[in-house]
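Before I ask anything, here is the structure I am working with.
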Amino acid sequence: MSDRHEEPEAVIAGTSMGGAMDLGVDEAETLEKRPGPDGAGPEDRPRSLWSDAWRDLRRNPVFIVSALVILFLVFISLWPSAITSGSPLKCDLSKAQEGSQPGHPFGFDGQGCDVYTRTVYGARTSVAVGVLATLGVAVLGSVLGALAGFFGGISDSVLSRITDVFFAIPVVLGGLVLLSVITSNTVWPVIGFIVLLGWPQISRIARGAVITAKQNDYVQAARALGASNSRLLLRHIAPNAVAPVIVVATIALGTYIALEATLSYLGVGLKPPSVSWGIDISAASPYIRNAPHALLWPAGALAITVLAFIMLGDAVRDALDPKLR
Amino acid sequence: MRTSTHARWAVCAMAFALATAGCGGGGDSGDSEAVLSASWGDPQNPLEPANTNEVQGGKVLDMIFRGLKRYDPETGEAQDMLAEKIETSDSQNFTITVKDGWTFSNGEKVTAQSFVDAWNYGASLRNNQRNAYFFGYIEGYDQVHPEEGEQTADTMSGLKVTGDRTFTVKLTQKFSTFPDTLGYNAFAPLPRAFFDDHDAWVNKPVGNGPYLVDAYTRGSQMSLRTWDDYPGDDRAQNGGVDLKVYTDNNTAYTDLLAGNLDLVDDVPAAQLRNVKNDLGDRYLNTPAGIIQTLAFPFYDDAWNTAGATKVRQGLSMAIDREQITDTIFQKTRTPATDWTSPVLGEDGGFQAGLCGEFCEFKPDEAKKLIEEGGGLPGGRVTITFNADTGSHSEWVNAVCNSINNALDDERACTANPVGTFADFRNQITDRKMTGPFRAGWQMDYPLIQNFLQPLYYTNASSNDGKWSNQEFDDLVDRANQETDTAKAVDLFQQAEEVVRDNMAAIPLWYQNGSAGWSERLSDVKLNPFSVPVYEQIKVS
Amino acid sequence: MGRYVVRRLLQMIPVFIGATLLIFLMVNVMGDPIAGLCGERQCDPATAARLEQEFGLDKPVWQQYLTYMGNVFTGDFGTAFNGQEVTELMATAFPVTIRLTLIAILFEIVIGVTLGVVTGLRRGRPVDTGVLLLTLVVISVPTFVTGLLLQLLLGVKWGWIRPSVSSDAPFDELILPGLVLASVSLAYVTRLTRTSIAENRRSDYVRTAVAKGLPRRRVVVRHLLRNSLIPVVTFIGADIGFLMGGAIVTERIFNIHGVGYQLYQGILRQNTQTVVGFVTVLVLVFLVANLVVDLLYAVLDPRIRYV
């Protein structure tokens, strides 16, 4: 799974921007119709896209719930000891596969480790993988995408073809190949791998958004006034192109967390003594008949986390897309 | 919660039993035409006898070939198969007579030449045979398989055909148990068809065993059928075997439960708790010639100090073998107390308790010994293993947890999975290990020599830790030259004591073979190599 | 149109070369495959050297790549370690995976589009909320968990299906694996269709059609659906390549001997020839599928013209 999450968001966010790179810019009309910061909105008081969106979000229960879940996850990632006193590495084989009992609400896994404690501590790794990989993908992808979109011509062709090259490699396959020889037991190889094969997704979105923004009158005006390229890109174009990137990145974050679990299932994910839901799910999956609890708790936590990020992204997209109001 | 799950499974298994009992006939008679299906793994190398060094390919060779000797499926004792007699007066020159009346399934006669050609082929460098070193004792091996450069001969000078059914073998040194090694697959005879049209042979191997290859779809399935004109007395009791490739032994087990498969010869560790409920007495768990150990990188100075011996002994005593074999392996493995295997038998050199207290779980003394030895190098150990095969991560994690609990340090021991077996072997070959690592040994032939020499002799092929000890080497050399078996075994045991005193490797447990089968089958056995004795299986 | 296709085909060449080079380098990073061939013992140096020579591993990487690509253009994809031609492996693996992918795509189209249309027309109703929630759950549970659970429940506990797929892999045995493989994409197709339908429902041409008094059915199928399908087609088109290469997990769970299985085996054994060969074909499939999707645009949306 997870290896084909790229395209859908691309499509959702930009209405077919993903495959439309050769069709010119008029495809991205969704973005053009947005009220610009110049105050072309229908109401009297000039309002920006962002304040509009924020007003929407505050009233959206989906956003509130998912944001609360994410805040809670971030909290236990930073201070897991706040809600558990045990250690995820303290395991007693004589308790292997035992069910729920006082002090151990989720029971024990195949090694006799406390499932509750491991599930709590697993949040940190999963959130770290998701957040850091998304940051990396967003930065690398937006920079390359923006450059391609802004300069056009040869540099666009070259960058777009490079994007295609990385896009063409199946993600799970790339993970198997690259991560199978990694000996480090930190989260960095997994993050690095996701960034390496994940950036084309953001890059395509960013490129399309920049091309659209570039056409706006105020950008043309600024250019006519002699603004430098870097000023144009940073001050005028970037603020208007960042919305779709944020939307896709939020949704992608959830899928990256799930991807880590899949890699662990294939034996190339994180390594001990890292504690992650992926490691626990894959270790418990053969024992599904005897100790389903060891599988279901971390899998449930993973699903809720992924769900929270995807719903957040969904809510943000709805808020940023005036067509759907 | 768990009880109810178990009850449901029991009902399932019973329903299944009733359903299949209806269509079978039951009874012991067996249908000699019926074909059974069995789980298989994709062999890594082409199925040439001298090129197959893993169990999955070995399974097939065991069905389609018969060699000079054959290891008794139950006792493991080497018995004459195609050999009429093997004579020697000095343990160095052997005269071998092949029995009359044997043919390959394509009609060719099995002659002395069939063996000599096969062995020369196996030894020759240009054929890239993985098991070439098995011929290393034969005179002239250096010329056909030099360590470097081109080979200067195509045939080994130590092999001479002296008659239609006789040939002589000259070894470079005395090797009293040489005849007993001849049951290994690498020594199988080959028909002319193998040499004349090699590609065709590899696509559909032809041998002289009780089964013929009927169809072979590589990576997916091999259909073997009983050879009607098989001249041996161990004719197949069934009509044939369909070997089906499974990537995951868990899926194979699931298929057995669902009635899509008749025989599984590797019950996954995760299902061992369910076996009783699922299969009842259609399950077998017998000792096999496999021992699991932890080897150490003796090329790393940290593990080669005077104190390191105590650290290794301490680590060994920190492992609760009893609990791990009970819980993780459900008693399908037995805590090891020496460095060989129970399948050798007392006479063959197995000696329970040779390891003494160093293989017992004594957490307090373990901690003390490790401290006396200077502590763990860097305060930490990692146990390296390959994560792609077997249920290794389960036991490595359990061993680490046991060590951590004994030393009262949650991070003293960490499991270090390596993604692929190939990379794991690379790290070993390139001497990149920094701590203990998994070392499993499945015997090639049931001799104590095979458990010691390849693993601990200086620069031996499977001496992965590069341990080297003059005293051990001398004892092994003397044992190999000893013509009296009992005396040879005694010398090998003395050598094993040297291994113990240095804790060259930590013995973990003896591995059993396990098999589960459907209602259709009876008389299922595993040989000491944990391979099912297919030809004896009866299908109803 | 013709010029556009030619331009796209020309653009494929550098992408193809780049992608194959990338995978070649990646597999090469995995290191020396020879050590894994000798079991639990060290290969003797002479044999190891000969094996390296036989598989061309003794040459520098760039030379290996050139030789390999040269051979590929003559139809020679090399030999796997077990002595089998990679083309032979492909001949057995691809039909299986193509069948699996077909079933998955069929699920996406039939179930995904139907659910999408239903929810898109009933935005905000309980059906919509229910399906939306379901798709989110499907997306957030990893495929291997879904697969293992379904296999256990349907295959073993209730005995409705075979828990694994036989070596012939006929269509009926591939239904459940196909559904598992499709599950995540199916959820996306549903959401995509729903958004698209909801958006187009308020467009002028639909209002006109309704105002003209056309039957509701005709409006939905002829006007609404046709115009809403563009993003869905894009997605499904791109999904073909991902499904074929991404079947590693599904094929592993259900013991299907297709492309994913061969790739997994190839990677475990560090068999460069197998991995690069299969990925090369997958990259081609991916590129061609993308081209076909872009051409379909013109069919579905007359406003788009290729020059």
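Labels for the chains are A, B and C, by order of writing; each one numbers its residues from 1.
Definition applied: a contact is a pair of C-beta atoms (placed from the backbone, for glycine too) under 8 Å apart; a residue touches a chain by one contact, two chains touch by 3 or more.
Since this is a predicted model, take the numbers as computed values, not measurements.
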item: Chain at the geometric heart of the assembly (C-alpha centres); value: C
item: A-C against A-B, pair bridged by the larger set of C-beta contacts; value: A-C
item: Centre-to-centre distance between chain C and chain B (centres being mean Cα positions), rounded to whole Å; value: 39
item: Whole-Å gap separating chain A and chain C, where each centre is the average of the chain's CA atoms; value: 21
item: Centre-of-Cα separation between chain B and chain A, whole angstrom; value: 47
item: Residue numbers of chain B (touch at least two other chains); value: 388, 420, 423
item: Numbers and ranges of chain A residues touching at least 2 other chains; value: 176, 180-181, 289
item: Interface hub residues of chain C, defined as touching at least two other chains; value: 30-31, 152, 252, 264, 267
item: Chain C to chain B touching residues, read off their complex; value: 30-33, 35-47, 50-51, 54, 81-84, 88-89, 92, 151-152, 155-157, 159, 162-164, 166-167, 252-255, 257, 261-262, 264-265, 267-270
item: Complex interface listing, chain C residues touching chain A; value: 8, 11, 14-15, 18-19, 22-23, 26-27, 29-31, 136-137, 139-145, 148-149, 152, 184-185, 188, 191-192, 195, 198-199, 230-231, 234-235, 237-239, 241-243, 245-246, 248-249, 252, 263-264, 267, 275, 279, 282-283, 286-287, 290, 293-294, 297, 304
item: Touching residues on chain B, where the partner in the complex is chain A; value: 1-2, 5, 9, 250, 268-271, 273-274, 320, 323-324, 327-328, 387-388, 391, 393-394, 397-398, 400-402, 404-405, 410-411, 414-420, 423
item: Contact set on chain A toward chain C in their complex; value: 1-8, 11-12, 15-16, 18-20, 22-23, 157, 161-162, 164-166, 168-174, 176-178, 180-181, 254-255, 258, 261-262, 265-266, 281-282, 285, 288-289, 295, 299, 302-307, 310-311, 323-324
item: Residues on chain B engaged by chain C in the complex (per definition of touch); value: 8, 12, 42-46, 53-54, 125-126, 128-130, 132-133, 145-148, 202, 217-221, 244-248, 251-252, 254-255, 257-258, 260, 388, 420-426, 428-429, 439-442, 454, 461-462, 464
